[in-house]
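Below, chain A partners chain B and then partners chain C, in two separate complexes.
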Partner chain A sequence: MGDRVLSEAAHNSGGGGTVEYIQHHLTNLCVGDCDPVTHQASGFWSLHLDTIFFGYLIAALIVFVGWRVGSSLNPDKPSGFQNFVEMILDFVSTQVKDTFPGHNPLIAPLALTIFLWVFLMNFMDLIPVDLLPMIASGLGIPYLKVVPTTDLNTTLAMSLTVFVLVVFYSIKVKGPVGYLKMFLFHPFGKFFVPVNIVMTTIEELAKPLSLALRLFGNLFAGELVFLLIALIGGTLTVGAAALFWFPLQVVLDLGWLIFHLLVITLQAFIFMVLTIVYLGMAHTEEH
Partner chain B sequence: MNITATLIAQMIAFVLLIWFVNKVLWGPMSAMLAERQKRIADGLAAAEKGKHDLELAEKHAKEELQAAKAKAAEIMAQAEKRANAIVDEARVHARAEGDRQLAAAQAEIERETNRAKEQLRGQVASVAMAGAARILKREIDAKSHGEVLNDVIAQI
Partner chain C sequence: MPPVFLFGVRTMKTPPQMGWLLVGVGSHLAAMVVVGFVLGYALDFWLETRPLLMFIFGCLGFVGGILKAHKMLSRWG
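So, the complex of A and B:
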């Protein structure tokens, strides 16, 4: 990571270069309704092509590998990779069984999808921060944000889908009247109906928002720390000082990398488990 | 961070991905795992059954072996009895045969003795007649002295 930072920082020499470097890395490849100067989306009708590209690429990878594994299953002599996938599947299945009351065939595949997709999108964070943007700029693409989960659009897309499912199953299980009653009489009983409506609405809306913001926040912050570590060797290096700053950058980067490996797995796991829990709550009669 | 139409694109990706994962990975694999579980359960049940069958067969074989042993012992005893009977019978038979042969031999001896006696008697009569003729210096008419002669023969 370090050597790539050097050339990048040399390009943007000076104090302004640092800010520019970080801003450049936090800007999506925007098409459509975008600000021509800052390259930030200025309206709803614009697309972050990099987020969409990597999100779909990873989704396609999951489907392809899943299809390869799923079409050559051997129940008697599982190959190495089949064992690995079975292990993940078993892990997710155990989580669903432990957390989810009742039976719904959608929950387990949903949980598996969330875990795999979120984990792999998070994993993009472990690729050296400058590698892919450098290659992209070589190909004439000015901006590239490689981690789809550092884009709020991705995390919100998933949490809103989960929210739709939660509302759908709440109404399906409790019935429209039961769902309405939940807003009216929960949590303080029938004498505080207005308060109850506000409280329950906030509670329900907090579910998808907290899901989306937690994942986005963790990954955005992680990406930012990678950028800051990358700057150590870049902007501060003048001549012989590189002998000190460069090893420091390598050590810090490795440390954060190892720690972040834990964070990305944990965030994928949390997103999955909370989805199961929210959907489980939607499936219980008594709230 | 701006919310853009990217949100919609990612939602579509998410929904499609759920569908695909369920279709190509979760469905086949959980079916396979369930089948494997069933096969393991079946295998264990079959093993249990086999063990039970083996126990039964062992018990059965033991019983059979015991029966066979008893039967063999019985047959041996019978054979021994039969052998004894045969030996006894042979002995009795041999003794009877011996007795019979002995009796036959004795009868033969008796017969031979009698014949020799008759022969001797005849010869003695002629010898006596020849002796008497020589003593009397004349012929003895066998016919006229027949009565005397027979008397002499009878006395011998």
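So, the complex of A and C:
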């Protein structure tokens, strides 16, 4: 409700050009139970079409490139791209070997999928912020948020999938009784069972939440900084002043882009490594 | 350390390189406080005891978060 009032105030103020610009770029293309004024999700059955589209598009790209590389493998004379793919595979495989305590054939493919998918979704942040929304508005699409990881639904869905796997393997390895014991007697022993249940439940639920919020927060903030830099040479200045502000915008944008290249890689890597670590903890007998 | 086979999945007694968990100490602490409050809020809503459980669970989340952070940092720090 508060959001709607704020948004309406911004719409009615007349001078909210910059506010409107940022709000427009941070609004998803929502269908279903959506608020007609703010275009935000207002019920369970609301879908963010842009997030779904770009997420699936990137997934399809990974599958297609993987299939092309897989069908043209040459062990005697590997191409440059084959070497590059092998380098990524080797990197992920080393991480899994170093971090994962046991052996499970699911972990390495899962880690590779997470790393590539999250990295490429994050990489969409480096496309100029106005380019794709402008093309989309030309095609009659009013809102377009191109980075799927700046939508909490994406990151939470991924981390909840990891959470389900963690619970599954915890029960599989420790057994239902062993898993239940972890809730009953950890961390304060057998005399504080009610407190232990609450605390361990909170601790377990905090894992997927922190995983999701870290990725979402970093990418959302990064997107916001790109939007603010875009405003320097755009809406904020008109006429001759743009001659001064435009070079500043170019320098700042380039600087943030180079820095953000590190951030997107690091966030994809952290998401992958923590997935391996959490699944590794599920495979160990002690908590 | 010899591996142990359990339900067809190989396990070990202690995790070898869990140091990467330190990357998430801060966000895990914050997430535990948030989850505590949300869980308490949901139970309050159900049992109509607002704000009792929200406060208790929030405090437990904070205490648990500090304990967890201390445990991780003292093990690998």
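Everything that follows uses one rule, which is that the second predicted complex is superposed on the first by the 272 of 287 C-alpha atoms of A that agree within 3 Å, B and C clash if a C-alpha of one lies under 4 Å from a C-alpha of the other, contacts with A are read in each partner's own complex, and residues count from 1 in each chain.
In the analysis below, contacts are C-beta pairs under 8 Å (C-beta built on N, C-alpha and C of every residue); 3 or more make two chains touch, one makes a residue touch a chain.
Only a predicted model underlies this, so the values are computations on that prediction, with no experimental measurement involved.
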| item | value |
| --- | --- |
| Contacts of A:154 with chain B and chain C, given as first, second, both or neither | first |
| First, second, both or neither for A:75, with chain B first and chain C second | first |
| Which partner reaches more residues of chain A (counting touched residues only), chain B or chain C | B |
| Partner chain(s) touched by A:52 [first = chain B, second = chain C, both, neither] | first |
| First (chain B), second (chain C), both or neither touched by A:101 | second |
| Chain B versus chain C as contact partner of A:252, first or second or both or neither | neither |
| Chain B versus chain C as contact partner of A:242, first or second or both or neither | neither |
| Residues of chain A that lie at the interface with chain B and also at the interface with chain C | none |
| Chain B residues within the chain A interface of the complex | 1-11, 13-18, 20-22, 24-30, 32-33, 35-36, 39 |
| Chain A contact footprint on chain C (complex, rising order) | 3-4, 6-7, 9-18, 20-21, 23-24, 27-28, 30-32, 34-36, 39, 57, 60-61, 63-65, 67-68 |
| Residue ranges of chain A touching chain C (in the complex, touch as defined) | 98-99, 101-104, 169, 172-173, 187, 195, 198-199, 201-203, 205-207, 209-211, 213-214, 270, 273-274, 277, 280-281, 283-286 |
| Residues of chain A defined as touching chain B within the complex | 28, 30, 32-33, 40-48, 51-52, 55-56, 59, 62-63, 66-67, 69-71, 73, 75, 85-86, 89-90, 93, 106, 108-110, 112-113, 116-117, 148, 151-154, 156-158, 160-161, 216 |
